[in-house]
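Each structure below appears as structure tokens.
Next come two complexes, and both contain subunit A; in the first it sits with subunit B, in the second with subunit C.
So, the complex of A and B:
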């Protein structure tokens, strides 16, 4: 028996894809669909028997569970500040670094370095800064305002988490913007300068429109990473004091693994996180696409 | 008039320097502080936290080296990372290449299935992933952890390889087939070397990710003999532990491998990360 040519081609393709597909199915697709299934049950992770409970996990999470709702709001606030600050600072740094002749490479290397370090380590290092170094500086110099309860007071620990996340994240977005800036053709800028445009006008009317796709990427990456923030919070505050700085990922983690092992209920929360991330990603991408066309 | 614009230029230049300088301090200050205090005694940390150490002493490092079981943890991290990365590069390139060369319905369906996963946050699958790995009896082993990373990392790699394959002319394959080259031989002898630039990007991105990942090892590794560097460091950190001298030394030790590699391969890493971000 001889296989037709197209059938043979298909089989070869499947053979090439199969190893990747097996790993992907076992460790992503199955957990994802299993998670959805369990979110409709009252499974506790240990008991082999469980009951279907319909959408009641979702209803409980969104109406009854103050800790979860607070973690949603806290995460939203964090995401808002991150998208705004991380992209603004990164763009500013990218423009300034690119304007240097000699120090360009060195500055880029240093500014990106925190990104190499795990945010667990980064979080612990900053914990040292917040709990030991800053109070010491405040007590011994004129910078008295630094003496805050950075970790213990929820109002300040929000900023502590924000500062650590920016420290770790800005360099990455800056790289994206630097790459985009290098793609703006010089002759366009020179032509504008000959026509009498100043630096700011050149940036506003030539550079900015041309790097808009990169800004889409920057915002997209920040949205994605900050909705899923875990390491920095885990290392810095552990969600505390109390549960006041608990982000969504940490809330799910505790629900499933350290508090009450309610796997089914925690799965429903995980599905809510999935829906938020997927929706925002899709909406934001289509919005930014539209704006790029208009320009 | 000329003098004024000259002054203005000076002023903006000064402003640029100030902004860059402030951010430089912000970036380096925590690293510098932790290093300086890691070579002080506990008493000296308490009394003069911001001054230079009176004399260098590396006793903290010996304590930290033992406390985080440095060599063991480093080895475990290496095992997990190398299994993960080599699986991702191998299987990702095979799949990405073939999916890119076949334009049928089936191949775009499979490709879509992989790409879709980029919308799924890890936290949405971690609960079921943990129970699946328990059932597969790979929970608790570093090899098993490496295998899980293959599944998690392969979609992004496929996406990158899929795009890159388009830049390889088909004539090369046709010539090789005429020469009597089989499919596997064609891939490993001809195509895979041509994919090298994108393989470098995939390797860099995934090494950084796996090396620095914390939550998955936290869920998977039970026994402290199997702990990665990050897990061992985390162990040191009881919430009420304030023995900063050895903790700081441990933190420096734990980040040393990445920082050294970064400073050595800085150009490649920056390029790889930028490429990955733009194409992803």
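So, the complex of A and C:
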């Protein structure tokens, strides 16, 4: 049998992604569809038998579960701040790192480092900073405002979670932007400079449009990861005090593994989370793809 | 060169095989090999149990010629339950596992994961009051390990120094608090980082109120005929504790709390004698007292809570039941058991135990012997978890008493309608 050239090429590409695809199917796709099945049942995670309950889990989650709705709102607030701050800071850092001549490599490593630490451990490190270091600084310097109950006061713990998540996440996005910045052709910038554009104008009208594909990716990644945020919150506040910093993932986790062990109901919530993330990212991607320019 | 390498490889393989080979030979003299999977939520006691199980292996080898390999799994208590449930649900149950006598036995029994142990010899040695806590559906389904005579903890040194005795009524508690405060002692240690700790306040105060004023509360709740509004007095003592506690409670968990309490940062701590080990580790000189929490001005309501927490059960699907039973019986062995329980700082639960119990246990039991004690209330697990969250929120004032009552009523209703 003779394969056409393009078919052969596709087969080769498929062969390359096959190992990843197999693992993805076995450990993500299959369990996820299992989760959908459970979301239609009242299984408690322990009993050998369970009943089908149709869509009632979904109805209950969306109409009769204040804790779920509250955690949804809290997560939305978190996502909003994360998308905004993470990308702005990452872009600023990328520009800063790129503009250095000598310390480029060192700075890049330093900013990226937190990404290599598990967020659970990062959370514990920051726990120490929030509970020991900051009060100590406040007691010994003029920065009295640092002496807050960073973990225990619901108003401050939101910022604590934000700070830790930014610390852990900015480096990765920064790398994406650095790569994009390096791809901006120099001749364009030089031409603009000869035409009399200043640094800001060059950035605004040349660099920014050129790295728009990277911004699409950056926002996509942040949206995705901050909707699913779990470890930073778990390590820092555990969703507390009470449920004041409970994100959706934590709410689902508790529904399934503590409280009344409603595994099926928790699966339904997970499906709702999946739908929300999918919808928002699809809209975001299609909107931003339209504005990208190709050279 | 190639030859040399292959020669070395062959040698390496042969030497690697040797120990396995010799084992296979010795296994031929009719020694039965059995692997027993044991799952315990006791990472802090790993050494003690490993040592004890080694003795069990010797005995089993000597008496029955069985070579028991014990695969001991000791996850962190916070995750243990989830891991255990996953294992049970996926048919990968450990042969022996720990569970909470009050909270878990009903669900686990209904799901069909527990074996009836009523005929095992150890059952006859159990104290009657303890035996009741591990009996379900008229069958003994677990071996109790940790039994508790439980009240709040207080620092005897501070109390003696100020000539205070544990208050027996709410009014006396207020006086005690004033005396402590005027002598620059913080009355209560608050450690709310882990939500199960604030929950203990509710457990104790509800126990006291229910048993002195509304004995049918649990039954009525289960029949949907009562509400937490009927026992609203429980908040009196909770409010008092929260108002007179240490600052920044959400930064202190049980470990940091033990150290703080051991070092006298506060005079009282609503925790339990199960923390004695870590408190004494932080300060070996510490004199721990245990006293019942006053809930009203009726001293009869100031009672010690008797309960059994961690217990050992045998999985229904275990293929090594005989060995598993042997191990359970060995844990309450006539000669060895006392030493183990004493080292673990557990209370005596069986007639085989003849060690001197700790001063704080005796203090708690002295109330019990005067009839000032009750069996732990059987509250649905979901309600306990909900209480934990709500009390955290209550401290930061994001929920009111009325909202707590409403949420707890709902949680209880949900858990019985399930």
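We adopt the following convention: the second predicted complex is superposed on the first by the 266 of 295 C-alpha atoms of A that agree within 3 Å, B and C clash if a C-alpha of one lies under 4 Å from a C-alpha of the other, contacts with A are read in each partner's own complex, and residues count from 1 in each chain.
Rule of thumb we're sticking to: a contact is a pair of C-beta atoms (placed from the backbone, for glycine too) under 8 Å apart; a residue touches a chain by one contact, two chains touch by 3 or more.
Keep in mind the model is a prediction, meaning the values are calculated, not measured.
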item	value
First, second, both or neither for A:23, with subunit B first and subunit C second	first
Touched partner set for A:59, first subunit B, second subunit C, both or neither	neither
Touching partner for A:129 - first (subunit B), second (subunit C), both, neither	first
Greater subunit A contact set [subunit C / subunit B]	B
Partner chain in contact with A:139 - subunit B first, subunit C second, else both or neither	neither
Which of subunit B and subunit C A:257 touches, first, second, both or neither	both
Touching partner for A:73 - first (subunit B), second (subunit C), both, neither	neither
First, second, both or neither for A:188, with subunit B first and subunit C second	neither
Touching partner for A:154 - first (subunit B), second (subunit C), both, neither	second
Set of subunit A residues, in rising order, touched by both subunit B and subunit C	45, 238, 257
Interface residues, subunit A side, partner subunit C - complex	42, 44-48, 130-131, 149, 151-154, 237-238, 240-244, 254, 257-262
Subunit C residues touching subunit A - in the complex, by the definition given at the top	81-82, 85-86, 88-89, 107-108, 110-113, 192-195, 247-251, 380-382, 385-386, 389-396, 398-399, 411, 414-415, 418
Parts of subunit A lying in touch with subunit B, wherever the complex brings them together	9-10, 12-13, 16-17, 19-21, 23-32, 34-35, 38, 45, 89, 92-93, 96-97, 99-100, 107-122, 124-126, 128-129, 132-133, 136-137, 140, 167, 171-172, 175-176, 178-179, 214, 217, 221, 227-228, 230-231, 234-235, 238, 248-249, 252-253, 256-257, 263, 266-267, 270-271, 273-274, 277-278, 281-282
Touch list for subunit B against partner subunit A, complex	16, 19-20, 23-24, 26-31, 33-34, 37, 45, 49-50, 87, 90-92, 94-95, 97-99, 101-102, 104, 106-107, 110, 113-114, 117, 119-132, 136, 147-148, 150-152, 154-155, 158, 183, 187, 208, 211-215, 219, 230, 233-234, 237, 239, 244, 247-248, 251, 254-255, 258-259, 262-263, 266, 269-270, 273-274, 277-278
